[in-house]
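Take a look at the structures below.
The following pair of complexes shares a single chain, chain A, combined with chain B in the former and chain C in the latter.
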Partner chain A sequence: MNEEIMAMLKELRPEFDYSDSEDFVMDGFLDSFDIISLVSLLEEKYNIKIDGLDIVPENFASVETILSLVLRSGGNK
Partner chain B sequence: MIMKFRGKRITSMLGILPETVGFFDDEVNNYSFPPKQTMRLKKVMGYDRHRLAKDSSTVSDFAAFGLNYMLESGWIGRDDIGAIVTVTLCPDFFVPHISNIVQSKCNIGHDTICIDIAQGCCGFLLGLMQSFMLLEHMDKKVVLINGDVLSHKVSKKDRNDFPLIGDATTISIIENKGNEEIFYEMHNDGSRGNALTIPAGGFRMPSTSITAELTDQGDGNFRALDHMHMDGSEVFNFVQKEVPHMLSHALKITGKKVDDFDWFFFHQPNKFMLQKLVEKLGLPVERFPMNLVENFGNPSGASIPLTAIFNCQEDLLNKDNKCCLSAFGSGLAWGTIFMTIGRLSHVELIESNL
Partner chain C sequence: MLHIVTQYLRKSAELYPDHLAFVDNKVSLSYRATLGEAEIIASNLVARCLFKKPIAVMMDKSARAVTAFLGVAMSGNYYTVIDTKMPQSRVEKILETFDPSLILTDSKNSKMAQKYERKYVIYEELVEVTPKEEEMKAVKKAESRIIDTDILYVLFTSGSTGIPKGVIITHRSVIDYTEWLAETFNLNHNTVICSQAPFYFDNSVLDIYSTIRNGSTLHVIPQMLYSFPIRLLEYIRDNKINTIFWVPTVLCRIADLNLLDKCDIDCLTNVLFAGEVMPARQLNAWIKRLPKATFANLYGPTEITVDCTYYIVDRDIRDDEPVPIGYACMNSDVMVLNEKDELVRVNEKGELCVRGSSLSLGYYNNPEKTAAAFVQNPLNKIYHEIIYRTGDIVHYNERDEIIFDGRKDSQIKHTGHRIELGEIETAVFSNAAIQSACCLHEAGKDQLHLFFVGDIQDDDLRKFINTLVPEYMVPNIYHKMDMMPMNMNGKIDRVKLKGIILGGN
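Moving on to the complex of A and B:
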């Protein structure tokens, strides 16, 4: 699942090297519209619904936090 | 703040759109972002087309065009009008006020109350509250105008704000009728007001050549201090937190259930935000229109009446509809109204060349 999430990030913003970042949002790799696009991709890919209250920057800081969000939202590892 | 009103009805609704249409596909190259990345927002946010007023057109132009149409079509007589209430973020001038300008342009008599209210997204709810309170003390009708030309106040190089904005005006006739109770709830939190701002142009920061300069915001968007800006994340989180809580509470204290409502007419910020609200609240999508942004853009305070007019003209004319209205935005403010809307005398959506 980590690789799939990384592929989505690369699709969204291919210009960044995500392995260089400790916080995708703080480092400017993802803005609020990228997060919305990513939510849409994640919901489609894993057939989940992400709660609106969970769409906050800290849940999109790293592949690990995104994975945790997906699992919390009902995605299967 | 919870209030209850009784025996007030909307009896006619008119929507007035500028005829100029801007297409998202054509505007993609105005932004500094890669087109592929921007186009992804078309589906998610519901961006497709929006209505844009001419640079020279103001809210009073649209309102007078619409009210004259209503007068000439026999929807209302000049002598029936006891008050004109205008809710807008886009005054023609600081002085005189739009309601007074419309009164003059439409030859409405001097025995008329004219009130302008500065409010954005919750403008229809605030306008209804003012209208209901006026009607407690008069037998005539209130002309409620909700209009904005916010496209004049948004940078065309700002992808955060420009694609979602649309210009529109609505006019609703409100009068004393029947005896039904109306539930009204409104909340405000001024401490979060900076989430949606137009920094320059008032007395605190008058417009100058400096405030008109487009500057790189560091996130790929270019805007000036004269322009409107919405902190998307802040507003999104505010809506997801406050609106479900408010509506759950309102349903509980009124003893109503989701199934009791025929229509949910909500403010229309963007499709994504509305879909998340629908999921959170378990609302029926078939009774929750969320197509305004893709057809016209978000017209601020006119969004609720325009959503109703555009989607439910037949129902509004032919039957009584139990409606849940809800709006949220600038202020920050959020509110809801439970009321019956239906068996209207007239409902129409028209275009002007303004």
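Moving on to the complex of A and C:
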């Protein structure tokens, strides 16, 4: 699943080296449309609904935090 | 006589010197500080003997970008805004047309400014030096020479040919607009605005100039917050924001995520929106949450200084009804002309044309495009009177409200019927499963394509649309998208969607 999420990030912004970043949001890797797109991609792929209250910077900081968001939102490993 | 915008700033600095004018995540500038910095910037430009010259401001969206604009204005020059995230090729095209005498940048963006091989100065270095008394006198002298038909700014909009068009706006136009706003929405020094529009997008003209006109406070918040709608609402709550002028996309996102009742935003009293069509369903969710607030749909192209019509929601609007763009703003005259250049009757569609003090002087360095859009009023054969043809198709309903139907180029002929694509979109938007939608016509094959984001099957959506519009308006081909491509202004990127149709994907 980590790889799948990484692939989505690469699809959104191929120009960034995500492995180099400790916080995608703080490093400016994901702009507002990227977040919207990423949320729809995750919802589609894992057949989940991400709660609006969970769309906060902390949950999009790294592949790990995104993964834990997906699992909390009802995604299966 | 109040005739230039910097008089707004001077007056507010006199009345409310310690009141906050512009706030961002790094600085909070009082009116005294705003005036002080604007004067320093102006004195630098005056010292370079620049007057009535183009200045490109290449800074991140921030409080100090605003003082840069005001400093340019005070010196008798005019500015355009170069977005620091714009692709280099677009910046080059703009610089070619605008041919700035100087680029005003900040230390963070100076490396980028250097790339364009033009004369540039760095904001931080300019404000380090306090101007001498005679330099301040020179600023006042330059300022006294400005008249209201002098240019304040040039904003570049995307042209259909790919060459950006620079819309020229004068001091007079901005004052005309700002005075109307203050009166219509009771804006005053207690008004606290939260800015959404990028500064190269003319919705920001409301944010900046109504702030200095009324001694209000403007919060220039990090663009990042717009990714996280709940944080936006928390910002509104924590900073007691009472006025917003945002694009419908942002308002819809908040409503769609069911966040409206998750945060105490009762401080909001003015919710204004413009820039694209506001779907009634999401608007109704906002109204339900803030029943006492004023909701207003504003409409206008950049060429008429932000807005020329407005509709303050004063009745129930059904979810499948278009939100009117309403009535002409004070001191703007709207004429809806049919193909024979006659005024339309009720329910007859025509092109919205407008005249008034808020009219642009035309496109910068582009007489051909100017002549095509800014034309003699066809209803006036007696004297010289220029109107602007917006290219937008509208009609009057029985209530005499203007309803936006779509762009002239989005009015299409399909199976022999004349159709406004916007009317189909309005129908689609009223479905609760739909987050985003865009309808396009493929002329070659005469097919209607519907692009949509939402949890609904093509067939169900087709049936739903058919309950609202005639059979011939039901789209033929459905493209369910994970996401809608967006352009720089945060609007749906129709050019990209047309590419999908032609590419056959």
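Simple rule for what comes next: the second predicted complex is superposed on the first by the 77 of 77 C-alpha atoms of A that agree within 3 Å, B and C clash if a C-alpha of one lies under 4 Å from a C-alpha of the other, contacts with A are read in each partner's own complex, and residues count from 1 in each chain.
The rule is short, and it goes like this: a residue touches a chain if its C-beta (ideal position, glycine included) is under 8 Å from a C-beta of that chain, and two chains touch if they have at least 3 such contacts.
As the structure is a computational prediction, the values presented were derived from the model and not from experiment.
Asker: Answer with first, second, both or neither: which of chain B and chain C does A:56 touch in the superposed model?
Answerer: Touch partners of A:56: chain B and chain C.
Asker: Have a look at where A:72 lands relative to chain B and chain C in the superposition and call it first, second, both or neither.
Answerer: neither
Asker: Is A:44 touching the first partner chain B, the second partner chain C, both, or neither of them?
Answerer: second
Asker: After superposition on the shared chain, which partner residues are touched by A:10: those of chain B (first), chain C (second), both, or neither?
Answerer: neither
Asker: Counting only touches as set out at the top, which of chain B and chain C does A:30 meet: first, second, both, neither?
Answerer: second
Asker: So which bits of chain A does chain B touch that chain C touches too?
Answerer: Chain A residues touching both partners: 28, 31-37, 40, 52-53, 55-57.
Asker: Spell out the residues on chain A that touch chain C in their complex, using ranges where they run on.
Answerer: Answer in residue numbers: 25, 28, 30-37, 40-41, 44, 52-53, 55-57.
Asker: Mind listing the chain A positions that touch chain B in their complex?
Answerer: Interface residues on chain A, with respect to chain B: 12-13, 28, 31-37, 39-40, 49, 51-53, 55-57.
Asker: Touching residues of chain B toward chain A in the complex: what are they?
Answerer: 37, 40-41, 43-45, 159-160, 219-220, 232-233, 236-237, 239-241, 272-273, 276-277, 279-280
Asker: Would you pull the chain C residues touching chain A in the complex into a rising list?
Answerer: 223-224, 226-231, 253, 257-259, 262, 453, 482-483, 486, 490
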